[in-house]
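What follows is subunit A paired twice: with subunit B in the first complex and subunit C in the second.
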Partner chain A sequence: MSGIGAALLNSLDIGLLLFIIAVGLNIVFGVLNIINFAHGALYMLGAYLAFTLINLVGMPFWAALLLAPIGVAILAVIIDRVLLKFIYSRDVADSLLLTFAILLIINESVRVIWGSGIQVVQPPQLLSGSVELLGSSVSTYSLFVIVVGLLLLAGLWYLFNRTRVGRIMRAAALDRDMAEALCINTRMVVTGVFAFGAWLAAVGGVVAAPMRALDPGMGDKIIIESFIVVVIGGLGSFPGALLGAIILGLIHGFGGRYLPEVNLLLPFLGMALVLLFKPNGIMGKGATA
Partner chain B sequence: MKTTSMKKLLVAMTAAATLGTAGTSYAEDPIRIGGIYILSGSASTYGEFAQKGIDLAVSEINASGGILGRQVEMIYEDSQGKASVAIQAARKLVYSENADALVGLDSSGVAQGMVPTMPELQKPLIITHAATPDVTGKLCNPFTYRISVNVAQNMKAAALVAAETDATNWTTIGPDYAFGHQSWEFFGNYLKEIKPDVNLMSETNFPRFGAEDFTPFIDRVMNSDAEGVLISVWGGDLVNFIRQANTRGFFDKDMEVMFTVGAATEVLSALGEEMPEGVHLSTRYWYDAYDNEVNDRFVKAYVDAYGTAPSYNAEGAYAAIYAYKQAMEAAGTTEGSAVAAALSGMSMDAPNGKVTFRAGDHQAMVSPNWGVSGPMDSELGIRSLTNLQIFDGEKVARTIEETGCKL
Partner chain C sequence: MKTRILMGLLAVVIAGLIAVPWIASYFYIFILTEILILGLFAASFNLIFGYTGMLSFGHAAFFGIGSYATALVLIHLEWPFLACLLVSMGASALLALVIGFLSVRLNEVYFAMLTLAFGMMVFAIAYQWRSVTNGSDGLAGFTLGSFGLGLDLTLGNPAVYYHVVLAIVAIAAVVLYLICRSSFGMILKAIRQNPERVSFAGLNVRTYRLVAFVIAGAFAGLAGGLIAPFLRVASPELLHWSMSAEPVLMAILGGTGYFLGPFVGSAVFVLLETWITSFTESWMLVLGIILAMMVIFFRKGLLGTALDWWMEVKK
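Up next is the complex of A and B:
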C-alpha cells in the first residue's frame, strides 16, 4: 500500500512539471498555429538563468523563480519580433523548421556560455528536507512542484475563462481576422502569447533545476516528453495538456515500479493507442486542428 | 526558372570538384588525426574532456618535434551519440579530410555500429571511452584498438570487490542499452564464478538513458530484499540518481552500493558533499592512483591548463595520441594498415602505467580502479577515494577465447 502512495505522488510531480511545460506548447500552438520546437530550449534557458542567479550571483531561489522566467520572456519577445513574425502566415511545417533552428542556436549558446559540464542547483532551505506522506518519505521539494503545478493550473483556468485577456487570446485563436476587425491588436496578442508560452517553459525550468541536473541536452529530453504529452492529450488543447501530462506521469511513476521491463515502451505504447483511436489526441478538436 | 536551377547545378558541381582536389597530400603536410566524440547535447562534456586530453598531447608532441618530423593536426567531428552519424563522420574524416588515423567514441552503441566499417576505411581507430566488450570481442577487426577499460575488465574487478562483501542478493540499476545490460551480465557471471552462493535477482532495473526521474527504480530496489546493488547509471543521469536517492534515504539502508562509473571527476564535482560516503566507486582512471613520471607530468599539465583534475576520458584520449606517435614511428610511416599492425602487441608508458595492446583482441591491458568514497577533498571540492584498489589489467581481462575475437 505504501508503494502505491509513493508511486502516486511521484507520478504527480513528474506529471505536473510536464504540464507546466506542455501547456505552454499548447497555448502557443492554439493561438499562433506554431509548433514550437524551441520550447524545451526555453525551459533549459530558464534553468540555466536560475543557476546563474542562485549559484553565481548568490540570489535566493525565490528571486530566481521570479526573475529568470521574465528574462526568458524578454528573449522570446525578441525572437518573435526578429524571426517568427515572418512565418505566422505560412504553413505549420515552416514554423517547425524555424523553431528547430532556434533550438539549435540556443543549445549551442548554452554550451558556449555555461559549458557542457553537469551543474546542480540546491533547493531552498525551506524545501530541502523530506516528509512522511502516504506511508513513504517524500522530498518536500517534489511536493512544492505539485503545488506550483496546481497553482498554475488554477491560474491558467482563471485567465482563460474569467478575464478579458484570456478571452482575447481565445478570440485570436478562433479567428484572427475577425478579432482584428473588432479592434483587437493581434500583433500584440501574438507577441504576448509567444512570450507567455516562453515564460511558462522557463518557470518549468526554474522549478526543475533543483531536482534535475543541468546539462546542455536537458531541453531536448523535455521536448520529447512534452510532445508525447501533446499527442496523448491533443494538440492545442488546454485540458488536453493536463490530461496528457498526468497520464504520462502515471506511466512513469507506476510503470517504473511495477512494469520495469517495459518502462521504455510504455509512453510510446500509450501514444500509439491514442493515435489509433483518437488521432487528434484525447481532447483534440476535429480534423481542423 | 530552368536556367537558375541549371546555374545552381553548375555551382554545386564546381564545389564538388574542388572537394575532390583536396585529396592529394604531401609529405610535409601535418599528420591528421580525426577525433569522433559527442560534442553536442547531454553528454558533450565527455567529448570535451577527450578534446582537452588530446589537445594537451598534441601540443606536447608538436612542441617536441611532432611525429616522424611532421606536426600533428586534429580534426574533430560530432558523433551526436549516434552510430549512423559517427559512421558518416568517419567516412568524411578519412575520405575528404585525409585523416591518417582515428580516435574516439563515447558510447557503446556508437562503437558497436561504427567498428565494423573500419576495415573498409583502412585506417586505425583507437577507442578511448566506449566500453562494450564486443568491439574487442566478436566485432574485433585488424584496425580497431581500445586504450580504455572495457566492461568485462571493470566488471571482473567489480565482482572481486563484491565477493569481499557480505551481500548475497544482488540486483542492478543501469541504463537501458548495451552498457547497462552488459555490465550486469558480466558482473553476474563473474560474481557467480567467484562466489557460487550469491543470488542474482531476477528483478533488475533498466531505466531509460536520460530518464531524469529515477525514483520509481530507487523505490523498487529499496522495497526488494536486495543486499547489494550494482549501478551503471552514469554522467548527468548519475547526478540525478544520487540526489534523488538521497531524498529517499536509499543510502541509509544496509546495502552494498557499487557505482561502476561513480568516481568520474565530473560527477563528483557536480555532487560535492551530496555524494554519500561509504559507497563503492569505480573509474577507469583515478588521477591520484598512479605514481609514475608520465602520470605526474600529465596531471600537472592538465591541472595547469584546465584547473581541474583530469577525468578518465581525458586520460584515455591523451594516451591514444601518444600511442599513435609510438606506432607511427615504429612503422616509419603513417600508412593505415602499417600503423594498425604496429599497434598490435605494442607496449607504452601511459599515465595509468605500462599499457599493452594485446595482439589477440587489441584490447589494452589497463587497470580498473575501485575505491570507497571518503571525506571531502577540500582543495578540489570532491569526495576522496579510500581503500583504493588498482586491479592488474592482465588478471581482470578475458582470455582471447572468451572474447570471441578472431584476428
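Up next is the complex of A and C:
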C-alpha cells in the first residue's frame, strides 16, 4: 500500500510540474498560433539562472524563484521584438523553424556559459526534510512542488475567467482582428503572452532545479514531454493540459516503479494510443487536416 | 538560353564529381562523400517539406534506422552491400508507415510535434535495447564484403566507396526527381498550396501525404545505409533530433523550392561545419543563428536567392 501511495504522490509532483510547462506552451499557442519549440530551452534557462543566483551570487532560493523567471520573461520580450516579429504574418512552418533556431541558440549558449557538466541546486533549508504521509516518507520538496502547481492552476483559472487581462487574452486568442477593432493593442498582448509563457516555463525550471540535476539536455527532455502532454490532452485546451500532465505523471510515477525496463517507451505508447482513438487529443478539437 | 547555361553548369559539376578521386586528396573525398549522403538525406526530407508542405522534425529516425539495418545485416548475415541497402530502405519505409499513419492526418503544428516525439521514441529504443543495438556505444566492427550484382569492387577503399556513393545518390536523386515531376508529385505540390481544394477535387489528401512520407522515409533509410560503412558505426546520435535538424537546415539553406536546393544546402552545411568546428566547439550556436537569418531574410535559400538574382541581372 505504501508503494502505491508513494507512486501516487510522485506522479502528482511530476504531473503538476509538467502542467506548469505545458500550460505555457498552450497559452502561447492559443494567442500566437505558434508552437514554441524553444519553450523547453526557456525552462532550462530558468533553472540555470536560479543556479547562478543561488550558488554563485548566494541569494536564497526564494529570491531566485522570484527573479529568475522575470529575467527569462525579459529575454522573451527581446526574442519577440527582435526575431518573432518578422514571422507573425507568415506561414506556420516559418514560426516552427524560427523557434527551432532559437532552441539551438539557447541550448548551445547554455553549454558555453555553464558548461556541459551536471550542476546541482540544493533545496532551501525549510524544504529539505521529509514527512510521513500515506504510510511512507515523502520529501517536503515534493509537497512544495505540488502546492506550487496547485497555486498556479488556481491562479491561471482565476486569471482567465475572472480578470480583465485574462478576458483580453482570450479575446485575442479567439479573434485577433475583432479584438483589434475593439481598441485592444493586440501587438502588446502578443508580446505579453509570449513573455508570460516564458515566465511559466522558467518558474517550472526553478521549481524543478532542486529535484533534478541540471544539464544542457534538460530542456530537450521537457519539451518532448510537454509535446506528449499537449498531444494527449489536446492542443490549446487548458483542462487538456492538466489532464495530459496528470496522465503522463501517472505513467512516470507508476511506470518507473513497476515497469522500469520499458519506462522510456511508455509515454510514447500512451501518446500513440490516444492518437489512434482521439487524434485531436482527449479535450482538443479541430486539428485533423 | 538561361536554362541551357544552367544545364551546362550541372553537367560540369557532375563531371567534376566523377573526376574528384583523380585530382583531390582523401580529405576532400571524405568531405564529398558526406555531402552526397547528407544531400540525399536532405532531398528525401524536402519531398515532404518543400513539396508536400509537412515540416518533420523526426526525419533522423529513418536515417538512423537505415544505418542500423545495414550494420545489423552486415554483422549477422554478411550479405552483399546492395542487399543491405535494400533492407535499410525497407525497414525505414515500414517505420515511416507506422509513424506516418499516426501523424499525417493532423495539421502542420501537430505534425511537427509528433514527428519530433516519435523520432525521440526511436532514439530511446536504440538507447535502451542494448542486446540488439549495443546501447549508447552503437554498432561497430562490421566490414563490407562484396557489393552485389557480380561487380568486383574494393569497398574499403575510400575512392571506390565515393564512386559507389556518387552512383547510388545520383540514381536515387533521378528517381526522386521523376517522382517530383510525375502527376503524383504535382498533387503533392497542390496539397502544399491548398489541401482543402485537393480534397474537394476528390483526392484523398491523407493517403497522398502518407505515401510521400513513406517514400521520403525509404530514401532517408538509403542515405542511412550509406552512412554506416562511411562512419564505421551506427550510433544513437544518428537518430537524435539534432540529426533531424540537419536536413531541415540543409533544405532551408539551399532552398526548399528547388529540387537541387537540399544538395546545395548539404554542401554549404558540411563545408561550414568543417571550417567552423576547426576553431570553435559551438557549431550548433552558429547553426541556430544561420537558420534564424535564413528563415527571416532568405526564405528562398541560397540557390533560390542566387537564381532570382541571376535571372534579374542578366535579362
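To be clear about the criterion, the second predicted complex is superposed on the first by the 285 of 289 C-alpha atoms of A that agree within 3 Å, B and C clash if a C-alpha of one lies under 4 Å from a C-alpha of the other, contacts with A are read in each partner's own complex, and residues count from 1 in each chain.
The definition used in the following text is that contacts are C-beta pairs under 8 Å (C-beta built on N, C-alpha and C of every residue); 3 or more make two chains touch, one makes a residue touch a chain.
Bear in mind that the values here come from a model prediction, so they are computed numbers and not experimental data.
Undergrad: Once subunit A from each complex is brought into register, does subunit C clash with subunit B or fit beside it?
TA: On the superposed model, which is not a single observed complex, subunit B and subunit C clash.
Undergrad: Output check: A:M211 vs subunit B and subunit C. Expected answer is one of first, second, both, neither. What do you get?
TA: A:M211 sits against subunit B, while subunit C stays out of touch.
Undergrad: Let me test your reading of the model: by the given contact rule, A:V231 touches which partner, first (subunit B), second (subunit C), both or neither?
TA: second
Undergrad: Between subunit B (first) and subunit C (second), which does A:S139 come into contact with in this model arrangement: first, second, both, or neither?
TA: Touch partner of A:S139: subunit B, not subunit C.
Undergrad: After lining up the shared chain so the two structures overlap, which partner does A:A154 touch, if you call subunit B first and subunit C second: first, second, both or neither?
TA: Neither: A:A154 stays clear of subunit B and subunit C.
Undergrad: Between subunit B (first) and subunit C (second), which does A:F268 come into contact with in this model arrangement: first, second, both, or neither?
TA: After superposition on chain A, A:F268 lies in contact with subunit C alone.
Undergrad: Let me test your reading of the model: by the given contact rule, A:N10 touches which partner, first (subunit B), second (subunit C), both or neither?
TA: So A:N10 only meets subunit B here.
Undergrad: Give one of first, second, both or neither to describe whether A:G255 is in contact with subunit B, with subunit C, with both, or with none.
TA: First partner only, subunit B.
Undergrad: Is A:D220 in contact with subunit B, with subunit C, with both, or with neither (first, second, both, neither)?
TA: both
Undergrad: Subunit A residues touched by both subunit B and subunit C?
TA: On subunit A, the residues that contact subunit B in one structure and subunit C in the other are 107-108, 111, 220, 261, 264.
Undergrad: Under the definition above, what is the set of subunit B residues touching subunit A in their complex?
TA: The contact residues of subunit B facing subunit A are 40-45, 47-48, 176, 203-208, 210, 212-213, 215-217, 219-220, 223, 235-236, 239-240, 243-244, 247-249, 266-267, 269-272, 274.
Undergrad: Contact residues on subunit A for subunit C in the complex?
TA: 29, 34-35, 37, 83, 86-87, 92-94, 96-98, 100-105, 107-109, 111-112, 220, 224, 227-228, 230-231, 235, 261, 264-265, 268, 271-272, 275-276, 279-280, 287-289
Undergrad: Over in the complex, which subunit A residues touch subunit B? Could you list them?
TA: For subunit A paired with subunit B, touching residues are 3, 6-7, 10, 14, 107-108, 111, 115-120, 130, 136-137, 139, 141-142, 211-213, 215-218, 220-221, 252-257, 260-261, 263-264.
Undergrad: In the complex formed with subunit A, which residues of subunit C make contact?
TA: Checking each residue of subunit C against subunit A gives 49, 53, 55, 57, 102-110, 112-114, 116-118, 120-121, 124-125, 127-128, 195, 205-206, 241, 245, 248, 252, 282, 284-285, 287-289, 291-292, 295-296, 299.
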